[in-house]
Amino acid sequence: MYYAVIIATIVTMALALTRALLGPSVYDRVLAVNMFGTKTVLLLAVASFLGGREDFIDLALVYALINFIGVLAVLEFFRKRVERNEAEESEVEA
Amino acid sequence: MTAAIDIASWILLTTGGLAVLVGGIGALRMPDLYTRMHAASVTDSLGAILVLVGLMLQGGLTLVTAKLAAILLFLVLTSPTSSNALASAALLAGTRPMGDRHGPDSGDTP
Amino acid sequence: MTELFGIFLLTLLVITAVAVVRAQNLFVAVMLMGIASLLIAVNFFLLDAADVALTEAAVGAGISTVLFLSALALTVDREKAPKTKVGLAIAVTVVAGLVIFYATLGEPRFGDPNSPVQTHVGPWYLEKTPELVDIPNVVTAVLGSYRGYDTLGEVFVVFTAGIGVLFLLGHGRVRRSLEEETRQNEGLRHYLIPRVIGQLLIPFIILFGLYVQFHGEYGPGGGFQAGAIIAAGMILYALLEGEKHALTVIPQKVLLGMMAGGALLYTTVGIAGMLMGGNFLDYSVLNDNPVIGQQTGIILIEAGVGITVTGTLLAIFHAFAARGD
Amino acid sequence: MDILGLFNYWVFAILLMIGFYAVLAKKNLVKKLIGLALFQSAVFLLYITVGKVEGGTAPIFSATAEGDLFSNPLPQVLILTAIVVGISVTALGLGIVVRIKEEYGSIEEDEILEMDQQ
């Protein structure tokens, strides 16, 4: 039964990867990466039960905690870019 | 009793897997960013909750279950926040939801 | 069955790698590298390398993306269309690829228990660890004790790379007035929801980092992973509250001290072994009971590794982030 | 299964070559570093693959895995440290790229070479 969940998860990973490759906008790709991260958490959790080494659930926990940082870094990147563009525009006007 | 818990856990795991798959298909097939985000959130919330609760039933009253509960808590907290951050970034950058009749490209000013 | 999952995921990895190289938009390439890192970590896990997967998770998910994005923010985020011909590069790549392909035909089959790798020192480590070091995680035992010299070298490489980045990008530059600094450098303070949730997560990330640090003898973990996780937690704080606040919490001076201090702690443990009559990095002499001596030594050097890695990764991040404004 | 017994090595070869191609053919310096990171990952995968034993489990003793077959811990130790070293060295490379951008105003290799010749 674990196999069913694992197969569903890796097929979804493939679908998310397709979305990341197709785009079209950068936000779609960020969404796909985010989704891929959650699927990784699930896959690692189920795989550690499948292998009989439940104590390795730590890995899934790391991803659950740290995936968030990537999204915030993206947000900060967009914010900086918007700010820089605004600064350049105001320089042109002045 | 253990058989009942096993059956419940299998049901949860299977439906969770199904929810994950459905969300994945949705994220691929939906027409624009915001609808895709909606589909992806099915895998992040419903799918993750079902699968992790199913695993918790398998784990029994151990440290593993506590860690699974922590994973569930963090996922439930972070994935909607990520969606929110992403959607607000996209909206600020000028991506309009489909069918938004007051967008800059739609032509009819409110 | 697990092998089939591995094969499927590796195929996805190859597709991702091709897409990374083809992407003209560097931001997209970095995002796809994030996916590649996740796939690699899952593969490590399926190949029984829990410790390595934990390291890849801690480094690949947070720090690597953050560093690449800060570098892109300082340079450009689009690659220019290639003007030169790539024929020669393709030819060289294909020839080299064919040579490697030919070489793989002579390699032992996947998972072969009689391959040269498995019949050398590996079984000895597995057999002797319960007797000599007596900790459950053999990877930590090998890392800290049997191959302590290697690890010392790696710690100094990390330290040197950190110093190099600080030399290149400077630290402690003359700052503008405090007001301007706060205005320019506010991070994501105006994004209320991410800020609240992020602040909620930071203590848990750091707590978990400490757990990984001190649980490394019993489960997957150790100084390298813990350092990366704690650094990721502090980077999250810097992203949310802005550079200035993060540097108030841990100033650059402290970070420099951590970089050097961890490496020094490691070396000191080695020299303490010499002073007490053993060899350099021989922990058996640290206690009357050699097994407890080994365990003490491993805990101390893992702490040194963790401190250096945290300090270096944070100092590198601040060097990039402070350059931006 | 015999053909598939070498699949991991082939994936490693392909990844290695993709990274190598990026370093050779791409003119953008950040792209070169990304190629280098891919190259690195390929080597990591090779090491972990050769350490795997069929039917083995991770080399961490526990109550549930007593007396099992364990995979080789040595390659894992080497790669564990190499990952952290890898990110530090990549950061150093990115630092150099940032400085180049500040001095030359470009991170395309051919443009920089042209400016140097003038």
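Which chain is which? They are A, B, C and D, in the order written, and residues in each are numbered from 1.
Just so we're on the same page, contacts are C-beta pairs under 8 Å (C-beta built on N, C-alpha and C of every residue); 3 or more make two chains touch, one makes a residue touch a chain.
Note that this is a predicted model, so its numbers are computed, not measured.
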Chain pair showing more contacts of the two, A-C and A-D: A-C
Between chain A and chain D, centroid-to-centroid distance (C-alpha), Å: 20
Euclidean distance of C-alpha centroids - chain A vs chain B, Å: 12
Centre distance in Å when chain B and chain D are each reduced to the mean of their C-alpha atoms: 31
Where chain A touches two or more other chains, by residue: 13, 30, 32, 51, 53-56, 58, 61, 65, 67-68, 72, 74-75
Chain D: positions in contact with at least two other chains: 57-58, 60, 62
Set of chain B residues in contact with two or more other chains: 70, 74, 78, 81, 85
Chains that touch, pairwise: A-B, A-C, A-D, B-C, C-D
Chain C-touching residues of chain B, taken from the complex the two chains share: 70, 74, 77-78, 81, 84-85, 88
Touching residues (chain side chain A, partner chain C) in the complex: 3, 6, 10, 13-14, 17, 20-21, 23, 26, 29-30, 32-33, 36-37, 40, 43-44, 47-48, 50-51, 53, 55-56, 58-59, 61-63, 65-70, 72-77, 79-81
Residue numbers on chain C that touch chain D, as the complex places them: 3, 6-7, 10-11, 13-14, 17-18, 20-21, 26, 29-30, 33, 36-37, 40, 43-44, 47-52, 55-56, 59, 63-64, 67-68, 71-72, 74-76, 79-80, 82-84, 86, 89-90, 92-94, 96-97, 100-101, 104-105, 107-113, 115, 117-118, 121-122, 125-126, 130, 136-139, 141-143, 147, 150-151, 154, 157-158, 161-162, 164-165, 168-169, 218-220, 222, 224-225, 227-228, 309, 312-313, 316, 319-320, 323
Chain D to chain C touching residues, read off their complex: 1-2, 4-22, 24-28, 30-31, 34-35, 37-38, 41, 44-45, 48-62, 69-85, 87-92, 94-99, 101, 107-108, 110
Residues of chain A touching chain B in the complex: 1-2, 4-5, 7-9, 11-13, 15-16, 18-19, 25, 27-28, 30-32, 34-35, 38-39, 41-42, 45-46, 49, 54-55, 57-58, 60-61, 64-65, 67-68, 71-72, 74-75, 78, 82
